[in-house]
Amino acid sequence: MDPKILSNLLKDVADGKLTPDAAAERLKTLPYDDLGFAKLDTHRALRTGRGEVVFGIGKTPGQVAAIMKRLSESASLVIATKVGAEYCEAVRAALPEGLAYYETAKLLVYQSGAGGTAQPSPKEQKGTVAVVCAGTADIPIAEEAAVTAELYGVAAERYRDVGVAGIHRLLDKADDIRKADAVIAVAGMEGALASVVGGLVGVPVIAVPTSVGYGASMGGLAALLAMLNSCSLGVSVVNIDNGFGAGYLASLIVKG
Amino acid sequence: MDPKILSNLLKDVADGKLTPDAAAERLKTLPYDDLGFAKLDTHRALRTGRGEVVFGIGKTPGQVAAIMKRLSESASLVIATKVGAEYCEAVRAALPEGLAYYETAKLLVYQSGAGGTAQPSPKEQKGTVAVVCAGTADIPIAEEAAVTAELYGVAAERYRDVGVAGIHRLLDKADDIRKADAVIAVAGMEGALASVVGGLVGVPVIAVPTSVGYGASMGGLAALLAMLNSCSLGVSVVNIDNGFGAGYLASLIVKG
Amino acid sequence: MDPKILSNLLKDVADGKLTPDAAAERLKTLPYDDLGFAKLDTHRALRTGRGEVVFGIGKTPGQVAAIMKRLSESASLVIATKVGAEYCEAVRAALPEGLAYYETAKLLVYQSGAGGTAQPSPKEQKGTVAVVCAGTADIPIAEEAAVTAELYGVAAERYRDVGVAGIHRLLDKADDIRKADAVIAVAGMEGALASVVGGLVGVPVIAVPTSVGYGASMGGLAALLAMLNSCSLGVSVVNIDNGFGAGYLASLIVKG
Amino acid sequence: MDPKILSNLLKDVADGKLTPDAAAERLKTLPYDDLGFAKLDTHRALRTGRGEVVFGIGKTPGQVAAIMKRLSESASLVIATKVGAEYCEAVRAALPEGLAYYETAKLLVYQSGAGGTAQPSPKEQKGTVAVVCAGTADIPIAEEAAVTAELYGVAAERYRDVGVAGIHRLLDKADDIRKADAVIAVAGMEGALASVVGGLVGVPVIAVPTSVGYGASMGGLAALLAMLNSCSLGVSVVNIDNGFGAGYLASLIVKG
Amino acid sequence: MDPKILSNLLKDVADGKLTPDAAAERLKTLPYDDLGFAKLDTHRALRTGRGEVVFGIGKTPGQVAAIMKRLSESASLVIATKVGAEYCEAVRAALPEGLAYYETAKLLVYQSGAGGTAQPSPKEQKGTVAVVCAGTADIPIAEEAAVTAELYGVAAERYRDVGVAGIHRLLDKADDIRKADAVIAVAGMEGALASVVGGLVGVPVIAVPTSVGYGASMGGLAALLAMLNSCSLGVSVVNIDNGFGAGYLASLIVKG
Amino acid sequence: MDPKILSNLLKDVADGKLTPDAAAERLKTLPYDDLGFAKLDTHRALRTGRGEVVFGIGKTPGQVAAIMKRLSESASLVIATKVGAEYCEAVRAALPEGLAYYETAKLLVYQSGAGGTAQPSPKEQKGTVAVVCAGTADIPIAEEAAVTAELYGVAAERYRDVGVAGIHRLLDKADDIRKADAVIAVAGMEGALASVVGGLVGVPVIAVPTSVGYGASMGGLAALLAMLNSCSLGVSVVNIDNGFGAGYLASLIVKG
Amino acid sequence: MDPKILSNLLKDVADGKLTPDAAAERLKTLPYDDLGFAKLDTHRALRTGRGEVVFGIGKTPGQVAAIMKRLSESASLVIATKVGAEYCEAVRAALPEGLAYYETAKLLVYQSGAGGTAQPSPKEQKGTVAVVCAGTADIPIAEEAAVTAELYGVAAERYRDVGVAGIHRLLDKADDIRKADAVIAVAGMEGALASVVGGLVGVPVIAVPTSVGYGASMGGLAALLAMLNSCSLGVSVVNIDNGFGAGYLASLIVKG
Amino acid sequence: MDPKILSNLLKDVADGKLTPDAAAERLKTLPYDDLGFAKLDTHRALRTGRGEVVFGIGKTPGQVAAIMKRLSESASLVIATKVGAEYCEAVRAALPEGLAYYETAKLLVYQSGAGGTAQPSPKEQKGTVAVVCAGTADIPIAEEAAVTAELYGVAAERYRDVGVAGIHRLLDKADDIRKADAVIAVAGMEGALASVVGGLVGVPVIAVPTSVGYGASMGGLAALLAMLNSCSLGVSVVNIDNGFGAGYLASLIVKG
């Protein structure tokens, strides 16, 4: 409910244009949730500055284009996740300005006022998240997480190919990783990276299991279970391949 | 939000005792949910006449007694499910009047004004649910469903030991079962009863898988999956061993 | 067994044309089930007015066409579920009259006397089912449920994109949803919609898990398990993506 | 080891052509298993008359052709299972005589002396197996079982579309089914057919779960578990979609 | 329906004591299934001579005693499965004559006219089943199968501790095992016995997975899956630990 | 490696007491990790002020007492998780001072200088975590999380019995919950609470699935999967019943 | 078959005492397997010097005593695994000499000539296996592995509490671990230890998942899957909690 | 850390060019891990002579080519696993010399100095591994294992089509297999081969489950579980279809 509408209604009561009973009746019949949740929504939007998200799997390019177009009318940031490069043309046709496509991350992003690119400007970023990934096959999900964090205003430091099979590569980077405000650990197969990283740092670790692997990896289930059972403290887990969710959560944690 | 409070506030505005802005502020700061949901709750209670339910697993007799006592102060019907006979003493000490214990169903029931018993009087019942169960080991869950339906005002006809291994026993009863307004099919092991019953009747069938079985029954999972895949139309499924849920749902369906 | 055949046989006995023993022999050798089940079938058909259903997955357009053609000869309503638009041509060739294709719902429907369309006429509908779905990706299954309910004579009110992540959208519609005689809650991912809706209404809720999601959604298993464990009363569950089953069951519940 | 070879060797010893030590040495150096297992193999082949089987999944037409060609040199019956029609050409090129392709069953069969067809002649069959299947989608697996039984010399009576959702269809056939020496029950979805059939007959029932279904059928796992938990006696289970295995086993049971 | 009742009714029609319409009405209102299925039941009992079975798990000694007592009144053989020695006293109190307890097999058996023992007399047995088990821990289930087969009139030859880890033990017995009319292969852990035995014999093999094992044996699931995937022909599977079912099925196969 | 040791060694080199080669040798032979990781450990301890944790499951009271005693010698805070009240006596015998037992949370806590109690003093707390739980059976895990957060210096606001089945209870508290710096959502059964809470707040949500439930809850697996698939943003998940892990992580997030 | 028997038989043929046909018959009827497999057994025993093993789970103390007694008559080393201390008395009564009980490892060991103890003498050991375990709760399984290796003649170096959560503890020991000829990595929870150790060493790593953990550890399944998916080379896996199997395999590898 | 750098630094201290404090500071700030792990890496490479491995699944030909090219600059052996023949062209373009493609094994191998082929020369091999596989469909994984072992310097003896369904084929080869220093057992379906082989030999057996099978084989899970539960001693397991891992491990075991 728009505050103006409420003010006007109450003024009408004060002015005698509306009896208290009639006003009460109107207030009752107004969708009760509108009041609270419009406020709520605004509150959330104001505080978090979070834009809208379109989950791309199972949607056609045309559908993604239509949804992004609509959302762009009321949001300054619209992100479509897990969309291939073949979506770009259709979306660009609908939204010629302000689009950027992150190929590795499979993110298609609209930012109002961004002109031809949505590349976030570094100077706006606050805090840092370290995005650590085990193997090269995990990079797309890691990149999905890193770019998401950047889009929500957090700097992302990438640490790639630091899987536990050659742990010195990870340890070489440990001091740098420790400087981050949060860590995202991305790994498939046995998912041991989350536990090792969790033991090295003193900040929250968001573990992202990936579907990288075969056989008994069961599409990422092995890594997921391993991460949930991490013997390290400070580790929590998101869905398999959910790089976006990890990046979003990291930005919430880092920006406080 | 109490309507009187709203009326008084608006009268104050009309009387000039409160400025519109101050009133708007107060309306904003009132817990927005109270208005809608107090109404909602009353509405639900009035329409469904449903009492409160206490899930007994994992609670001590003392805890169940305390909760039932508290709930009995505002509800005319309180049901504790899956409680053993050893709970009766503690609950009776707290609630000396109006209790009944259904041993097979493992239901402990409080009804206000029921004196020493909560046995529902048949004359209040409307409509009928047929509670069909496959084997003698399924009877406790079937009874949990049947008594629950009765407590919520629906007559329950019991059909026991009509498993599909000797299908003539079930077919002998088919005409009677067809007269019911809904059917609850209770079966463990392979859970085939739900499909066969579903093919015989033209009313909703609520399938209750039970944990009866061993080995590949996996605690009722085999029956659950079978019932979810029923080739008969009109069948839906509740959780394994959830006789109460089936009885409750049946009463909603039958009483319309 | 046709009652006339039985009457004639008995008359022959009364007329001395047939000895009691010969009659007993003939009665024994008649397929015993025919008597009961022909009656049964007629009874079901008369009472429920339910047509035949063809499950489309795994059948070729030619097979669906042949089956629908055959069924159309004895049924006034024939529904083929989960068939793509590419099936229409083959079926229309076999059944030029009375076909309608619901593209989103993937339902291909024959109704006798429907001419070029099977669109159910609203005036024949009795009662209402609210079909509530969580996200846009769940709409096809929700539509399969809604159209099915309509085809069986129940009005379907659609509530789309009311997932629990923005619960005010659902609450805004709560009063309307509460007016329905039954609710179908369609959701993938975590399937929380069923529990929240179940807590808002006082009528039966049919929960339909969908395969929408990825990773740990395991093809809808996560939503299925969640719905089976709903803490709300009055909720039962059908198979993953089984919109037809939910619509059918809803029509049974609503029409009583 | 060919008995003749053994006899000749011993005769050479008796004739003084071979010293006992040289004979002992030759007997030692002969692969010790050959003696026993050649006998064994012959024994099995003589008694069961079983030909060789080629499992087609994952093999190219060329590979199947090569294997069947080789096997046909020492076996009078060679069966390739689960091969599509596209395999025929390659196999016919290698084996121009004695081939038959069963399209629904996806069996490609070589019989020596069969000329252009391997169609088993009915007069050679002994005993009968009833092959009962739940839905039309189960027919390919049922046919795989039925043809296999026929190829191994047992008559197969087909009962199709007798699923438990309309149990009168099955009961109409019960007396006929009971006349068989064994029953193969083929069903997907909830697999209830095996239990119902198991309750109707007094002969061994071989249950074949099929992968027909979707969602919680989990590729046939629901039917498999249901069948393993059958409450009917005399039921055993083979792998999902293993029509060949069921037909083979049935022929062993029926021919004794 | 008793044939006499039918005859009398028809005689009444012939005698003019009953009009054809009244007779038709009575025939309609008679429970239609009684006719067919009473016949069916008798038919089955006559042909199979199978007694009644009580599944002991989850039943108290008192319940088992009561059920066996009741069944003993109409059956000459009553078997209670999976009952501990502590059940004997209660059952003996109810059924002082004709009881035998098989401790290893956990079978409690009543046979009418057996006096103080139900030990089946060897001379009545026809055919032989070889009961082969992998380890000493599998013996109880193997014994459950063997005694069951004996009770149903088939001789059981026991082959114990012939697991595949020392395959010569099994091969030493192969010629003897091959003489049986059917084989029951009982094994936990990896369940490989079924495949090896299946490759050695030319008769039906009933595989019984047991819950012997730990860790990844998952209560017998590993053995169950292995047996279902047996590369040997002629193997079918019953539920985990279902020795009774295997023995029952073996007797059906052997006695034909 | 103690920095003093290094300094002294280098001084010895500067003083000529040690040749560079001898020093290099000593530096090589010193456990190389000691240098880095002693520093690392100190660094972590200094920054996070985190004490040691003893996982109680599977340990005897004596073992827990011995471990806590040893750890108390070098740590100012030692927490034993998931220990029953029966552990207190043994631990108090070993550690007479500074112990507190949180009965609902099953936490046994040692704090140096705490005298007879380890109750954290509120004035030391910084930031707030809202601990929201669905049902009364979830309270122990919720309390484990809340007390843990408090012990690590974060205020915990408890919101109990705000399950989604009666969503107004949760909405009534939404404004308060929104004020927290992080939210812990504790729920068993279908675990929908995490998604609903995630949609209401703009801070990180740590979801804790509990093993509360039965049947298809599969020991908490249903809630775990649901939470991993949450359609709300900002939600991550810890292991089933891992209240300690959630409280620990919350303190990392809140204290930044 | 004893070679002398064969020689004599052939001499009899040469001497005319036995006709070739009679000899052929005798050769056929000799158990064919005896020849090869008696040799085989001796061969294995001679080469591996492996004693007999009794798996204790599910056996009574009396049964274990009887089996060990019998095996001790032909074997110089008999090991019973997973037996509690309460088994010792019964076994000592049967085998008063040569027994040793390893309490943590739950191994009861008989060695001929060991007098009152079976403690293996270090001087007989050849090669070394490093037994590395993650947490104190994993020690029993690690000890089962270590003692087993020692009993089979390989020295075992224990590395305890070197879980990956504090990886410096493991790295501190890396140089020592690298000196071993094989490594056994024992870990529950997420099982990451196997991958990290696998990355540190250049020898075979035998991974032993343990059932230590709760919730999503699923009785060790999470660790098992993680270890199977190890990104490190040279890692293989044994069953959950199978310390004995790992120790046995390690001795095979180390002793070559 | 390069030892020279350390020496120079310490000389500077001895020479007074650097104060002990400044030297301590520099030692602290040097990446601590470099010292240990550079040494470690060299140590491993020197001892094992193991090259780099590229896991091909999910990588494009271009990516594999680029990675192999880069690795070839520092390694004398680079293996890409699970790559189809279509990868060869791209890799040959990048690496014209020293490449060999093993079609059945799907291995693409670079060896420096190999000219046009990487075929390992037999004379360099030490020790033998027997690679035993159950069926023809398992050959690709068996070949992946065998070629890998050969590339790492171990001779591989292939034993194909020796599945347990016709166990004499395996027994015929038992004496040969026993001569190997290790055995790799490759099998899908029920995976019984590993147990049977494990019982025949006295050397380590590496079991490789394959995804060969259908239905309840669950993509190799049945074989995996069976192998983990092997009743034979000396058996360990690698991931489903992980022929490379088995070959690598075998070379570690055989070469000691």
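Going in written order, the chains are labelled A, B, C, D, E, F, G and H, and every chain counts its residues from 1.
Definition applied: a contact is a pair of C-beta atoms (placed from the backbone, for glycine too) under 8 Å apart; a residue touches a chain by one contact, two chains touch by 3 or more.
Predicted model, so just to flag it, every value in this text is computed and none were measured.
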item	value
Topological distance between subunit B and subunit E, in contact steps	1
Distance between the centres, which are taken as Cα means, of subunit D and subunit A, whole angstrom	56
Separation of mean Cα positions, subunit H and subunit B [Å, integer]	59
For subunit F paired with subunit G, centre-to-centre distance based on mean C-alpha positions, whole Å	39
Residues of subunit F engaged with two or more neighbouring chains	33, 36, 40, 135, 166, 171, 174, 200, 215-217, 221, 224, 228-229, 233, 239-240
Full enumeration of touching chain pairs	A-B, A-C, A-F, A-G, A-H, B-C, B-D, B-E, B-F, C-D, C-E, C-F, D-E, D-G, D-H, E-G, E-H, F-G, F-H, G-H
Of all residues in subunit F, those that touch subunit C in their complex	134-135, 163-167, 171, 189-192, 194-196, 198-200, 213, 215-218, 221-223, 225-233
Partner subunit D, residues of subunit E touching it in the complex	36, 40, 43-44, 47-48, 50, 53, 174, 178, 181, 200-204, 206, 224, 228-229, 233-240, 245-246, 248-249, 252-253, 256
Subunit C - residues contacting subunit E, complex	3, 6-7, 10-11, 13-14, 16, 19-21, 23-24, 27-28, 32-33, 35-36, 39
Residue ranges of subunit H touching subunit A (in the complex, touch as defined)	31, 33-34, 36-38, 40-41, 55, 57-59, 63, 67, 209, 211, 219-221, 224, 239-242
Subunit C - residues contacting subunit A, complex	135-137, 166, 168, 171-172, 174, 212, 214-217
